[in-house]
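Here subunit A shows up in two complexes: once beside subunit B, once beside subunit C.
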Partner chain A sequence: MKYWQTFLLSLSIHFQYRANLVLWLVVGTIQPMVMIIMWFAILGDRTEVGGYARGDFIVYFLFMTLGWYIVGGSFSREIGRAIRNGDLNKYLLQPYHLVLKCFFRELAWKAVSLAMSLPLFLGVLYLLRGYLSWQMFTGPWWQVALSLLLGSILFALMEAIIGSLAFWVTEIWPFAEMNEMLLNFFGGVLAPISLLPMVVQKMSVYTPFRYIFYEPVAIALGKEGEPVKAILIQVLYIVVVYVVYKLVWKQGLHKYEGNGG
Partner chain B sequence: MSEKVAIEVKGLSKHFSVPVKAEGFGASVKSLFYREYKSVKAVEKISFRIEEGEMVGFLGPNGAGKTTTMKMLSGILYPSNGVVKVLGYNPTDRKPAFQKQISMVMGQKNQLWWDLPATDAYILNKEIFNIPTHEYKQTLDELVALLGVEEILSTPVRKLSLGQRMKCELIAALLHRPKVLFLDEPTIGLDVVTQKKVREFLKKINREMKTTILLTSHYMEDVQAVCPRVIMINRGAKLYDGTIDNLIKTYATEKYLQVDFDNEIPREKLEAIGRVVEYEGTRVVIAVPRVAHAKKAAELLTTYTVDNLDIQEIKLEDIIVKHFSK
Partner chain C sequence: MKGMGAKMWQKISRLYHYFRISFIMDLKSNIAYPTTFLFAFTTIPLWGILQILLIETIYGQTSQFLGYTKYENYVLFGTWKLVQSLAAVFFFVRLEDLPDKVKGTSDWSLDMMLIKPLDSQLFATTGKYWFGSLSSVMVGIGLIAYGLMGQPHQIGIGQAIGYLANMLLGVFFLYLVFLFIQTWLFWFEYLEIGESMWFTVQQFGEFPQRLYSGSLGILFNILLPITLMASVPVEVLFGKMPIWMFGVYALIVLVLFWLTRWFWQYSIKKYSSFSS
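Now for the complex of A and B:
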């Protein structure tokens, strides 16, 4: 209940800053539109590239953007800030965890953004309806939902580790940027992984990044040949990353100097 | 007073490792490859016991180690050495059962949400500490009435003054009725009226809720007003542990007379009244024996044309410099 309350309080704050939300919405819409236009240009007269037709690109990038609102975020920065300026102190005094607080606070922002972007999203789908058909969504809904949930847990744990690095370094943003870059590349945010060079595709199998955004979308679009195996790998990554997070957090607290009040 | 021990500290130390860098660009480049560290002893082998329901002042100048000690007692920092037990718990285990029995108010850090009214943060605290609704309502009503903040509870925190915010912070810290309350400079930056109100409030909750209170301050007035017992530390080491009356009787043997004269008075003439501590033209601070301060003040007023005269307690730093610096 305490984190549900955190979610509600955070929602109330976002309602106060409506202009910010609209601006984020514009920024968030630009990236998928640029990617769709770029891939349309690459396609030229061809009907498909690497198994992706025009409709596939539209759906892939729009769902990647929507998926970001469900799975993604950037709350490592808030964790890092709280550790650096001593705000963590108050969380260590209460049965209330900084990482979960930051997660739920961001979840509220994502929920509002998602709700606001849905009409826009549906509008784009309507305008481009000529390229689309219902047969594109072949993944069983429970596999898609489960994979999305697991992807968001994995992403959150990685954000928590990056944020916890603030126990050792003053600025965590280079790590956050690197994480984002690797997600863009190995995680299929910039382009579907199956369109990247074979060496990148092979490497991506051994990183957690493809199991965050790419796999849920690939399962939804029927582009993942072994969805159950992909889900099991997601679970395995969650276990490993969770153990790493616990170790980092515990060591970090021993290092913590509680500066700033 | 109950005989149960609330806080027990034995040989508590905290050492920080601080990077050392020489001046200049060359040293900055060198520090990229090799960094030297020195160990700073923030707290060194401190021991004391505080009984349940006691109100203790933790005195010391800035950088004495007060806040670091308090952070170890509340579980924020791991000690480098020594043993801490608060209500029988090891604070750094951070067990929820322990956390539900303590609270800490830090002068500059807050529990409230900047953009929302204080009541929203209180509801969150109710969930964090699993406070039953009827108990929450009762405690909130009591605290709000005690501090007189009914009018401001629905105002966003960012619109409140510092004093109003501190009062709301105190409520947030006490909603779960903690048995031990740590207060780090609770009156810093507050006006005199609010300081007084906060002190009265602390005395009242100590009396009525039997809350054990440990309060840090570098204002002796703060501690004098609320704490019968004081622990004084400097440079991480304990210098004094006893009653405030005894501290004043033994060490604060002087009072300060801060005088604004209409015209400048030669220093030598003022030395006849007492020890001149500060001399800045028409404003002078003179240290006089505590027992004779009224007589000395009267002497000043009758001998010279005085614009303003203020009788002040001797500063804590001065007691430390005078009696404890070696």
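Now for the complex of A and C:
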């Protein structure tokens, strides 16, 4: 309930600064738009490349964008800032956890952005309906929903670990940037993993990044041969990353001197 | 007439002095507190790997992409990286910091900048250097060199000069884009998206001109020639575009410069200095 209030408060703040929301929507639309245009150019006269037809590319990149509002949402820098500035002091005295508070604030942004982007998303799907068909969405809905949920937990835990690094270093943005880069590299943000060079495809299986955005979209599009196995790996990664996060946070608090605040 | 010349000379010498002192101060600051610089120097160029991955992915599916071979695409992406990094080195810091200056939460508020005997636009938006992107400049040069070695081209001196001139025009164009985005701060004070918007818009400039046709082509190739970042210089370099096109693009950029400057001067009148 206490975090629900944080969520509602953040929601009202976001509605206060609507220009930001609209522009974030524009920014979020540019990358998939460029990627779709690029893959259309690569397709040329062909009907498909690597099992992806025009419609698959549209759905893939649009779902990746929409997936960011469900799964993604970066809050590591906020955690880092609170630790660096000493704002963490008050959280240690209050019945709030800094990480959860940052998570719920970000959740508000995601909810507003998702609500705003849905009409645009549906509009694009309607305009490009000639390339699309219902048969493209072959994944069982419960698997897709579960995979999205697990992906978002995994992403949030990784953000929490990156933010917690501020106990040791003053600048955490290089780690946040590295995380973003690896998500592009192994997480299917840049292109569907099955189209990337083989060496990257093989490496991606052994990284958690694949299981954040790519697997939920691949399950939805029926491109994942073993969806249940993918979901189980997501669970496994969550357990491992959660243990790492707990260790990092505990060690960090021991080191924390509480300057500022 | 003589007085005007002297005034102009005084202005130029003041600007030169300002840029030189700023450069030295930034250099000293980076040497004294090198952590941010070192982090940036090692992290930012890693994005270059992503570009290499994209090239390899594209050419894993096709042998020609919009008339570019794989090695030509390395030159294209390298040029894009170079232009982006140079724009970041020269224009990123001041423009990125502008929201805090307008809000009065930065070390210098905009009020202080407006009362200095320098052009407000130049002082508020240039004169700080982001050395962290220098490693990215090297990555760009590396990609270009790799592409040119992989597929040698006959390049004349005119083409090389045309390439450099268009590239610098691309850097200046990126400054204008960032300036235009950030000038909206005077209209929406809590706009916090300028930096992301600037980097995202740059993605349009990563690909050949031919990618954009119809109204998109008119927009990105003529009205807001973001393809100046890579495609235009590279096509001049490889002789796919006549050198005189530089004049056309210079004219377009000049018009855009005039428009963004007008927008800045018009918007700054709206600045209320409310929180400083």
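By our rule, the second predicted complex is superposed on the first by the 260 of 261 C-alpha atoms of A that agree within 3 Å, B and C clash if a C-alpha of one lies under 4 Å from a C-alpha of the other, contacts with A are read in each partner's own complex, and residues count from 1 in each chain.
The criterion applied here is as follows: a contact is a pair of C-beta atoms (placed from the backbone, for glycine too) under 8 Å apart; a residue touches a chain by one contact, two chains touch by 3 or more.
Everything quoted here is computed from the prediction, not taken from an experiment.
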| item | value |
| --- | --- |
| Combined model on subunit A: subunit C and subunit B, fit or clash | fit |
| Which of subunit B and subunit C A:177 touches, first, second, both or neither | second |
| Touched partner set for A:90, first subunit B, second subunit C, both or neither | first |
| Between subunit B and subunit C, more extensive residue contact with subunit A | C |
| Touched partner set for A:24, first subunit B, second subunit C, both or neither | second |
| Partner chain in contact with A:190 - subunit B first, subunit C second, else both or neither | second |
| Touching partner for A:49 - first (subunit B), second (subunit C), both, neither | second |
| Contacts of A:258 with subunit B and subunit C, given as first, second, both or neither | first |
| Contacts of A:5 with subunit B and subunit C, given as first, second, both or neither | first |
| CA minimum distance (subunit B, subunit C), superposed complexes, angstrom | 6 |
| Subunit B and subunit C footprints on subunit A, overlapping residues | none |
| Parts of subunit C lying in touch with subunit A, wherever the complex brings them together | 35-36, 39-40, 42-44, 46-47, 49-50, 53-54, 56-58, 60-62, 65-66, 188, 190-193, 196-197, 200-201, 203-204, 206-207, 210-212, 216 |
| Touching residues on subunit A, where the partner in the complex is subunit B | 1-2, 4-6, 9, 12-13, 16, 86-87, 89-90, 92-96, 253-254, 256-258, 260-261 |
| Complex contacts: residues of subunit B adjacent to subunit A | 16, 71, 74-78, 94, 96, 99-100, 102-104, 106-111, 113, 115-116, 120-121, 123-124, 127-129, 184 |
| Of subunit A, residues touching subunit C in the complex | 17, 19-20, 23-24, 26-27, 30-31, 34, 37-38, 41-42, 44, 49-50, 170-171, 173-174, 177-178, 181, 184-185, 190-191, 195-197, 200 |
